[in-house]
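Next come two complexes built around subunit A: one with subunit B, the other with subunit C.
So, the complex of A and B:
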């Protein structure tokens, strides 16, 4: 019953694939490249943050590991195996990060993902002999003639793969496990969902896609520095896109990226370095007025659009009669 | 004895830094303890306090050791407005939404400052900076010592306010049970607005006190934001005395790491401690969690 979202997605991808045929302007292609790059990252984040409801603010870790894997390993093995190695490394990091962080809930989980990413960023900064440190390190080009168009197609391809994967997850038993965890982890556990393993699998998939995106991004710019790959701003951007579009919806990350990247490109010329201002304003507006995101709200408002499972993060009604306070103490941190 | 003086010096420096950390962390712990809000805008509040103090000094020639008080008052107002205008409207069960909201507030503050003042680094330029107190081989930088003293006073004041006044008692009642507190006649929104304002004011004052000994740029708060998460978690989320103890401990740990391993590893050690505390004892090392 996901037809409308799949259809809209298909139309967007079709248009995206046709754009280079008519438009050969490298600047525009690069803007749209960035749009799809962050859409694929948003789709990857959505598996963990949207369907499973685990607010990760550390996805820059996998993005960066993918990029650094390509940059540092390709001199010894050629670029393509280096990408694979980068993906494997990102999945190993996800395994470590996930097995520690997933024992934590709520804000504790979120803080743990930030802490791990910061450790990776600082290691990349502090080991100049290995990673080039703050000066950065060169990245080989993936495509022989290094044209913008090949990067563009690779990026749209990656986004289509991520989209298809999300579609499969949404309809599979695995996806329902994830959504059950989001709705109520204890109940999911009590009916026999191996929550720890399911969450970890989602993170592994997510990390693999993020690492591919990181490698693609790094290879386009041919040079990377730690703050650009592992920075908290990157993690925040990856998390904000799908939330704006609608976390836990198929189309959400795509729509979020479309809105936010376009806005950021437009405002870049007006506000110069301060273009993140528009992010801040949009985030506050979304939280106040569209807590289910753009797609999530549309799904609730329009009947023909309605289909999907309930969206996360929308406020559940207050349990008690104490409407005035609406404040419930947070559960204690659990470390099962 | 060669190791002795550098070691003592590092510990003393660590304590001087730690008192400022403690003040920042107490502000965040207060907000978390009463409202269960993980405030991602805390670093931005600190940065705003620094800029306010700096503007007062540069354009109004107000001494920073007076300016930090004005910054504190300003940040109190900003905090209360952020609570009343934004945070209040989000149901607390949607904790991710509150995290996103405070992130948004942080982005707006940092980028507004960037837009107005530019990305340049600034440093206060005043006579006290070069002065040192010397005792044998130990020397302490005068502005650090003054900031330390004032931060201790402010932290003690905040602690007494929360533990000894009627208002503090109301705030602690909300922390214990947000359902029954209003039934006891506590105006929950007013108390929470003041609490949020106080938390922001603690960050703003710490920013003002940090200004003479640190440098200033729009994203300066980011670092302190992450550190204050660490301190609040170490202290037991919501315990302000625990957060203060964690602040002092963190100052000393950073200082010793810088001495033996080099400055660039101090932050790495911070985050490794963070991960260890989160994974081994998320209820905190110092003090019990008060809730």
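So, the complex of A and C:
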């Protein structure tokens, strides 16, 4: 089930890496840049929201912190250390949100992510001396020459890293623990999983990738404002793309971004102002008819076609070991 | 020294005394059953042992550690496995993956976890169902899966909360045969049972009877079931009078 997803992912990345060789249209590359940017953000979100089932509607926080980290720190330290600092700051944000809300069950984590992002947005808006306030702040360009192609490759590279990381997570004990937490947290606890800590690690990884994406995005556009970086729309888009593609699947975030970013770009050109309406209808249709997302639904259908019909096991428990039990003399401790 | 020692443990939820002043102990390789009518405090006692709830008073010792205030994951790491009365499988994962989750307590390698899980599943006669998803399985399989997941953690003590409840008698007795073999693995077990007494009589070394959170009897199964206070708890005072005659 996982192998075909890796293959499809590899093909998508290969095609993406070859595109600039044949096509050097900046508009076109920027559209695909955005597509992969949100794919990497979706893959990051998927670690927390997909595998671990912890709905985050505040990933713009890490995205924005990564961007503002680069923008505000690069004058004093050079851009690369500033990116690292942004990543660290985003992880500290994740630590704050996670260590408080992951001990609780229910909607608290989701609410905390929304609230925290709002707080960051308001801070960015209201500290004009530091962040430039609503006017915004300039960001240094990471690739002064060959701008669009370099950004394009950097973004595809980041997505490949995020994809590889997700692949590793899926096959590791850490991934099993995340899925166990999604399915039933009590069960995870009962087999010795420190669920709060496992969730926190997932969020830290997720925040780091999101911050890198934020820095890339900011650096391409050279100027950022609070509403654009910390806006609710960004958080929602980061969550919705992987959900539609298939939350908790390796390929889901990539497919979701591919389908919806392409669709929204096409709609923008055809329907002009009405494109958001069409986009909304599309989202509603997918949620109604493909609740497990595109990849999730395909995975179920395909495995159902491939495998033999399940054996009726429940009514016929195998008798083997039960019969054997007669031979066993039990060590019976004599208790008073 | 006893493997698990519960000393005068109490727990109340608001005005309800769920468990009051209960003491018991169990040795390695022993199978004990906590018996009592619905609401007697069996599940609460299990939740106190595994750290899901914190005791208001008393002390719980396990294998030389004071576990009274331990969190559930720490209790599991010390070697206490448990099953849930209301089964809690990971529905979208397969039977094997569910069991591997337990095995991951001692290894970080999925390959090793898979081997260990397969062994446990073979012991429980679930090899055929290994690659099926946990959702949509019948209750007998669900109950076995609960045991499989707990056994895969290689516990020293396993708590089986109503593990035979709702099963057909034949299946319950088959399961009892399997549970009887737990001491082979060096595992002690405490079962909680409301009324499937055939299983208790068959495999218990020790029976503790709870009623409204109070321990009313303790001893060998054959003795305990004839005690008047036990009969009163289950059938009412009328039957206690009948017994005296």
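Here, the second predicted complex is superposed on the first by the 290 of 336 C-alpha atoms of A that agree within 3 Å, B and C clash if a C-alpha of one lies under 4 Å from a C-alpha of the other, contacts with A are read in each partner's own complex, and residues count from 1 in each chain.
Note that in this section contacts are C-beta pairs under 8 Å (C-beta built on N, C-alpha and C of every residue); 3 or more make two chains touch, one makes a residue touch a chain.
Quick caveat, the model's predicted, so the values are computed rather than measured.
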Is A:180 touching anything from subunit B or subunit C once the two structures are fitted on A? First, second, both or neither.
second
Which holds for A:126: it touches subunit B only (first), subunit C only (second), both, or neither?
first
In this superposition, the partner of subunit A with more touched residues, subunit B or subunit C, is B
Applying the touch criterion given at the start, work out whether A:14 contacts subunit B, subunit C, both or neither, answering first, second, both or neither.
neither
Applying the document's definition of touch, where does A:274 land relative to subunit B and subunit C: first, second, both, or neither?
first
Given the touch rule stated above, what does A:222 touch, subunit B (first), subunit C (second), both, or neither?
neither
A:284 contacts which: subunit B (first), subunit C (second), both, neither?
first
Examine A:192 and indicate which partner it touches, taking first as subunit B and second as subunit C; both and neither are also allowed.
second
Pick out the shared contact residues on subunit A: the ones touching subunit B in one complex and subunit C in the other.
313-315, 318, 320, 322, 325, 328, 330, 332-333, 335
Touching residues of subunit A toward subunit C in the complex: what are they?
171-173, 176-177, 179-180, 183-184, 186-195, 310-311, 313-315, 317-322, 325, 328, 330-333, 335
The answer for subunit B against subunit A in the complex is residues 35-36, 38, 86, 89-97, 99-101, 103-112, 114-115, 119, 174, 177-179, 181-183, 188, 222, 226, 229-230, 233, 237, 264-265, 267-268, 271-272, 274-275, 278-279, 282-283, 289, 291
Residue numbers on subunit C that touch subunit A, as the complex places them
27-30, 50, 52, 71-74, 76-77, 81-82, 84, 88-93, 97, 100-102, 104-105, 107-110, 113, 122-129, 132, 137-138, 140-141, 144, 149-150, 152-153, 171, 174, 177-178, 180-181, 183-184, 205-206
In the complex with subunit B, residue positions of subunit A that touch it
55, 100-101, 103-104, 106-108, 110-112, 114-116, 118-119, 122-123, 125-126, 232, 236, 240, 243, 271, 273-277, 279-284, 286-288, 291, 312-316, 318, 320, 322, 324-330, 332-333, 335
